[in-house]
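Take a look at these structures.
In the two complexes below, chain A is the common chain; its partner is chain B in one and chain C in the other.
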Partner chain A sequence: MKKIAILGGASCSGCDVALFDLPGDELERFFSEVEVVFWSTTMDSRIEDFEAQGKIDLVMFHGGIRTEEHRKLLIQAREKAEILVALGSCASFGGIPGIANLFELDAILKDIYGDEFTKLSGERIPKPEERLKPISSYVEVDYYLPGCPPPVETISEFLDHFILGSLPPRGIFGKESTVCDECDRIKPEDISIEEVKRIGSKDWSEIDPKVCFLAQGVVCLGAVTRGGCKARCINANFPCRGCMGPAPNIRDQGARILSEIASLLMKESEKNLSDEEIYERVQKEIVDPVGLFYRYTLPHYWGGSNEEDD
Partner chain B sequence: MRIGVFVCHCGRNISSTVDVSRVVREVSERSRKVVFSTDYKYLCSDPGQKLIEEKIKEENLDAVVIAACSPSMHEETFRRVLKRAGINEYLLEIANIREQCSWVHEDGTEKAIALTLAAVEKVSRNEKLKPIKIGVKRKCLVIGGGIAGITASLDLANSGFEVILVEKSPTIGGKMAQLSETFPTLDCSQCILTPLMVSLSRNDRIKLYTMSEVVEIDGYVGNFRVKIKKKPRYVIEEKCTVCGECEKVCPVIVPNEFDRGLSYRKAIYIPFPQAVPSSYVIDPNSCLGLNPVVCGKCKEVCEADAIDYHMREETIEEEVGAIIVATGYELFPKDRIGEYGYGTYEDVIDALEFERILSSTGPTGGTVKRPSDGRTPKRVVFIQCAGSRDENYLEYCSKICCMYTAKQAMLYKHLVPEGEAYVFYIDVRTAGKGYEEFFRRVQEEEGVIYIRGKVSRVYREGENLIVEGVDTLTGKKLTIEADLVVLSTGVVPPEGTENLVSVLKIQQDQSGFLKEAHPKLKPTETLTKGIFICGAIQGPKDITETVSQAKGAASAVMELLSMGEVERDPIVARVNEEYCVACKTCESLCPFGAVKVRDKAEVNEALCEGCGICAASCPTGAIEVVNNKFDQFEEVLEVLINGREKLETENSGLPL
Partner chain C sequence: MKKMIKIDPVTRLEGEAKISIFMDESGKTVEDVLFQVTEFRAFEKFCIGRDVMEMPRITSAICGFCSWAHHLASVKAVDNLLGKNVPEPAEKLRELGYCAHILHSHLAHMYLLALPDFLQLKEKNVFHLMKENPSLVRDILEKRRYSYFIQEMVGGKAIHPVFAIPGGVSKSISEKERVKIEEMSRELVDFSKKSIEVFMEATLKFRENDPYYHETHYMSLVKNGKLNFYSGKIRVVNTEGKKIHEFSPEEYSDYIGEVVKDWSYTKFPYLREMGWKGLTWGKESGIFRVGPLARMNVCERMETEGAQWEYERFIEEMGKPCHNTMAFHWARAIEILYASEKMLELSREEDIVDSKEIFDPDGELRGRGVGALEAPRGTLYHDYEVDEEGRVTFVNLIVPTTENNPSICISVKKGAEELLSNGKRIDRNILNKIEVAFRAYDPCLACSTHNLDQSIRVEIFHGSELVKTL
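Moving on, here comes the complex of A and B:
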């Protein structure tokens, strides 16, 4: 029987939960056809159990690398794994915890622990790495299953292929499409964004659930984001925030959408504004640009303020 | 791909701050893509071009990088060289190591190497392309019916092309129709102009729209679609016999703008007897009869039944292959120069008003009378550079004022031989054939007194005006008692130029005149292909120059239209349908209306200018400009940052 281990780094364990979203019969089949040798979220697994394992057919790693402990675990995982999978957006691109890379480590620690950290470090808190990184920064990754969490259909399909031994060539396991391709909203002829509407703002109720978010002034990352999620957020009247990572043919997801929005923003009115006025308006309209455009991918594109080797 | 690099010295323009031989050596060393590199003193010269052609053949090159001046100078030249050598002319890149390097750096060698290597990277990913050919409409739109527009229209029509002439006012003729006599030959202005106006009106190839303005233009060189708004004349041109009965019975009297308000006209009027089209016109702002209950006198007496109070504004659409803008000039609004008292004193007038007074068909019937009391002025003071060459008003020289002042002074002396004429001047500029001789005659034979200096103040004392000024040659303060003061006002672009510029998508210079494509070599072209300019709208100029330039513009249009088709650069946007999500961002942003989204985005290559706005805004990277693709720029940036091409062993980042 093929052996599987599921473990993680800086993760919320949402990816573990996603595995449990598999339909009952599939979950049953999965457990009957493979041997799960390590899955600390669901089983009474200890790290020693993992260390004792020899070769493992499939290791699914979720979460990015925040601490020395994560890093060591990942390296072991790579050594043992026939196939190593980056499960979810954090393992693939760094994910939301990666936004912390905007700040220096010292500042982060001070913010969380106050002056206590030096006393605690080494004993009860694992040594943090300078910056959070996706797992591909340390080891070679065979497959990426992006998403926050990855769509259950994708996980199911991947496991089917794994069990049958019919996996495609290494790389991103997902759809070669964008979220826009899966979205049914109507796109108007002429798009111009005069005002950016934020989720939950007071005029949020005016948003037409049948019309493209972007055309209504809501920043939606659907066009720059890989499909496969069946536009699940958009169908719940919530704009795409880009968890599936860059769409095929796109190098930089955030820069792309930024460039599109910069082109559409105040298309008509900007002619009558000075550079300073435009700058002020943009600053007012786009609150937290990094969090908006690089919510899931910051470490993938940018190591941090003191990054030298990228 | 075998890439050759040619580095130009441009005499010493480049080689004085760039070590050309080092550039030649290091581009070969740092890039394995370069199979040949050399330099030459002037690559654009004939032997320079021959050298490139020979080396392409000898070295079996299939792509070329020229490190020289800006591509706007010689890209075309070098493309032709590639074509002659038998390779695709779009496998050429220019590294601008002159304007962007040698001219702005003390030692530009390292930057020149980087720029050249970047061009090597770019050209190595260029596609072979063919120019796009588009048919042209053999018809030209001329905007403005002054002497410039008339000349251009006649030249084009006489060469067999159709012309649409659009004029804002009720008649063609422009400023020249208002002038008395022209310098330096003293030809009667109307006498030489009106025959041209008549032959224009009789020409079947010219369609004339008066009281009309161009309100919308789209399309591109060879295929412009033009929307013209024609205001109602309320008199049917074809029916009007110019009998003048209507004018006699019209009860409304208003100032006559053709005489610059120095005479009066009725609400139904003809601007001047030789107006073209030869027809009366009703001024809707003063006419009472547009509401026939109030007044309908003219309609009652019109035997030809030419009057139609219900005429409406029309919108006319035309398709043309080229456009000439000849909207002329206006005089600087002299009431802005408060110290000269214009607007305060009736006897301070501007040059065009004096033209009307001097004209035999003018308000005074060819005798010189001053506006206030109709007396013949015995002493006239001319003030030159009224507005021009003055940092408070117009910084530039209006060019025509010196000569028209000299002419007016001479004409005054002819009409009032016992009168005195004084001219205040800063410099007298008489560059032009026969101009200096004319000026000498005015001074020596006619006895006009020229005073070098500026006038500080004009004020009234009794019935006369006191002109205070300084003779800067003697340093003495001068006070002249004058009957009439004539301001030689400067020349400005006409009202509405800004609007026209935005309709046509052409540019203005800092003074507001229209900007030519190149001040020396392309004075009648604009940066928008297919749109030409001539006459005073390009900058102040006299009739001689205006006519020459109008003929130049007409001939440039003929060159364009007679080819039957135009070639366009194939540097246009292209859609990769696989990635297009039909978000319509490109369609919303394209300034040329070249992209339409149906199932996927589609580019009309004839409309696309290759500006790249669509590529920059496309969220999925599905639309890109040919030979300006993202991967090309990524490599170019790599080279510019690192100063060498990227090695294949270097990883570009994460394996995504």
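Moving on, here comes the complex of A and C:
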């Protein structure tokens, strides 16, 4: 029987919960063919049980690395795993908690708990790392299942392939397309925008749910984000925030959408603007560019690599 | 030489934590027990600088078990901050989706995490149960999946929904979806009724001898005295069941204080009127509890018929207020019936289908906004302040597991004292019984450690020497 383990770092456990959103018969079939050797959310497995394990066929790790303990657990997981999976966007790119990398650790601890705590932390509770990092910063990852959480269909497809021994070559397990490709809103040929509209603002009531968000001046990351989610958010009339990570062939998801929006804003402008002027214009239109363009991926691009720190 | 026993991590709950039990030098008496939340993510810090309009979409990631609670508490805070008047159909859609979420969260806890404790199983987990009783587990998973579908239809995504926007919702539902929701709700009402029997029985076994019994005050939202998950006023009743406070969400900080301990990433809230008196309980203590049991103790009645009948039966058997910690399980089961019945009722509303009245475009930034609701695990507060452009400058979150944290520590300590006294042999079975203490609360550490990122474990210390990790 194949052995599997599910563990996590700085996680909301949404990826854990998503596993139970699979159809009941599929879950029953899957769990009748594998032995779960560690999954503290659902069973009484202790760290020592995990340490006692030899090789484990599949280890799924959710959450980024925020504390020393997460790091140690991950390294053990890599040693034991035949196949190591980054489950969800936090493990893959750092995820939303990765926005904390905008702040120094000392400032975080001091602001939330006060001076006294900062001195003592790390003695009786796990020591936080300076920055949150995706798991690939520390170990080699075999498969990435991005998404916040990964779409149920993707998880289901992955587990099927695992059982059948028919997994594709290592890398991102997902679609080689963008969210835009999966979105069926009308996309005008020629787009230019005068101003950026915020969610829930006065202008929001003018939004046509049949037309491309970007064309209407609403920031949407669909064009730079990997597909596979069936454009669920957009279909709920909410723009894409990029949780599936960068689309194939896009190196920097945030930078790409930033330059895209800048150029759409500049289209009407007659003169050639300098980079600085463009940046100023974007700053004026967008209250929080980092939190919007790098919401799920900040540690992936910034402060996420060990080499840069060393 | 003192001795320490460690349970690491504590299991079948949401997030990471450990329990450290300190024994005296003889190794026979429990000196202290720490329920330590060891997770750390710092939401309160990194939300500073974000666009307040995006907060509902950012803060849902505090917790994957109760993402809807954070999504909606957050949007309510922003509605409040902007002075938006959310149209009626939008309020109905939010509440409808939220009832589905109560089911999604409660059913996961009841059946996937807690139920194995009440059954004679060789291994206490759902996978073992799947082998012993596959049709039961299949039925549970199928019914729980209804709540997944309803959440997705209403909220866009089942986990980390997107539809609630400041001023309303981004979409309504179609007639086809409404019919599906109505059908599923009807089945969920029946399923909930069956579930109550299971968890009532489990609770009654502990009625005369609940090792985790302790008297506290209780807090919950009520709407005209009735249980409501989505809106209302906050009411506090004392250990005797007497109403001592009733206030609006914005006033929470006048009533609740918080202290920090250097051994946990979770804070310790208390009622200001009594003050913080350490991990003590009773009428003079400031410790209060939230969640299903608190809601039974605070509210006067249930809005829906079936739930009202069950509520009366609960009070008849358990009294009011009920201080038996194990009764959390029964109370939680009654709540899934209420949520199903309320969902059925809302699914018959005409104005939620293809509605145009789902968004209020007006509103001005007003500096501060507070939103509160009943999360599956208790009263949840989101409190934001912004600058003139709507950039967040201050965030305070009070989450249910944090509110219950002092009581969880007490329950675990009481359980440990009872189970480990007189030099009883310490084994996994005993430690599992200690864990039963916190499982009643359905603690969610991902939530409580919105500040830092916590994990749970149990450690048993003999003085400063670690003797056992479990």
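What we mean here is this: the second predicted complex is superposed on the first by the 283 of 310 C-alpha atoms of A that agree within 3 Å, B and C clash if a C-alpha of one lies under 4 Å from a C-alpha of the other, contacts with A are read in each partner's own complex, and residues count from 1 in each chain.
One rule holds for everything that comes next: a contact is a pair of C-beta atoms (placed from the backbone, for glycine too) under 8 Å apart; a residue touches a chain by one contact, two chains touch by 3 or more.
Treat the numbers as computed from the prediction; the structure is a model and nothing was measured.
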| item | value |
| --- | --- |
| Superposition on chain A - do chain B and chain C clash or fit | fit |
| Angle at chain A between chain B and chain C, C-alpha centres, nearest 10 degrees | 140 |
| Touched partner set for A:K187, first chain B, second chain C, both or neither | first |
| A:A255 touches, of chain B and chain C: first, second, both or neither? | neither |
| First, second, both or neither for A:N235, with chain B first and chain C second | second |
| Contacts of A:I172 with chain B and chain C, given as first, second, both or neither | first |
| Touching partner for A:I163 - first (chain B), second (chain C), both, neither | neither |
| Which superposed partner A:I83 touches (first chain B, second chain C, both, neither) | neither |
| Superposition-derived comparison: chain B or chain C, residues of chain A touched | C |
| Touched partner set for A:V224, first chain B, second chain C, both or neither | first |
| Distance in angstrom between the closest Cα atoms of chain C and chain B, superposition on A | 22 |
| Chain B - residues contacting chain A, complex | 576, 578-579, 581-585, 587-589, 613, 616-622, 630, 634, 653-656 |
| Contacting residues of chain A [partner chain B, same complex] | 92-93, 134, 136-137, 140-141, 144, 171-172, 178, 180-181, 187-192, 212, 214, 223-224, 245-251, 256-257, 259-260, 262-264, 267, 300, 310 |
| Residues of chain A that touch chain C when the two form their complex | 8-18, 20-21, 23-25, 27-28, 31-32, 36, 40-48, 63, 66-67, 69-70, 95-97, 99-100, 102-103, 107-109, 111-114, 116-117, 120-121, 124-126, 128, 132, 148-149, 152, 198-205, 209, 232-233, 235-238, 241, 286-288, 290-292, 295 |
| Of all residues in chain C, those that touch chain A in their complex | 7-16, 20, 34, 36, 38-46, 49-51, 53-54, 57-58, 61-65, 67, 78, 82, 84, 108, 112-113, 123-127, 130-131, 134, 137-142, 144-145, 148, 152, 155-160, 162-163, 165-168, 170-171, 260, 262-265, 359, 361-362, 389-391, 428, 432, 435, 446, 451-455, 457, 469-470 |
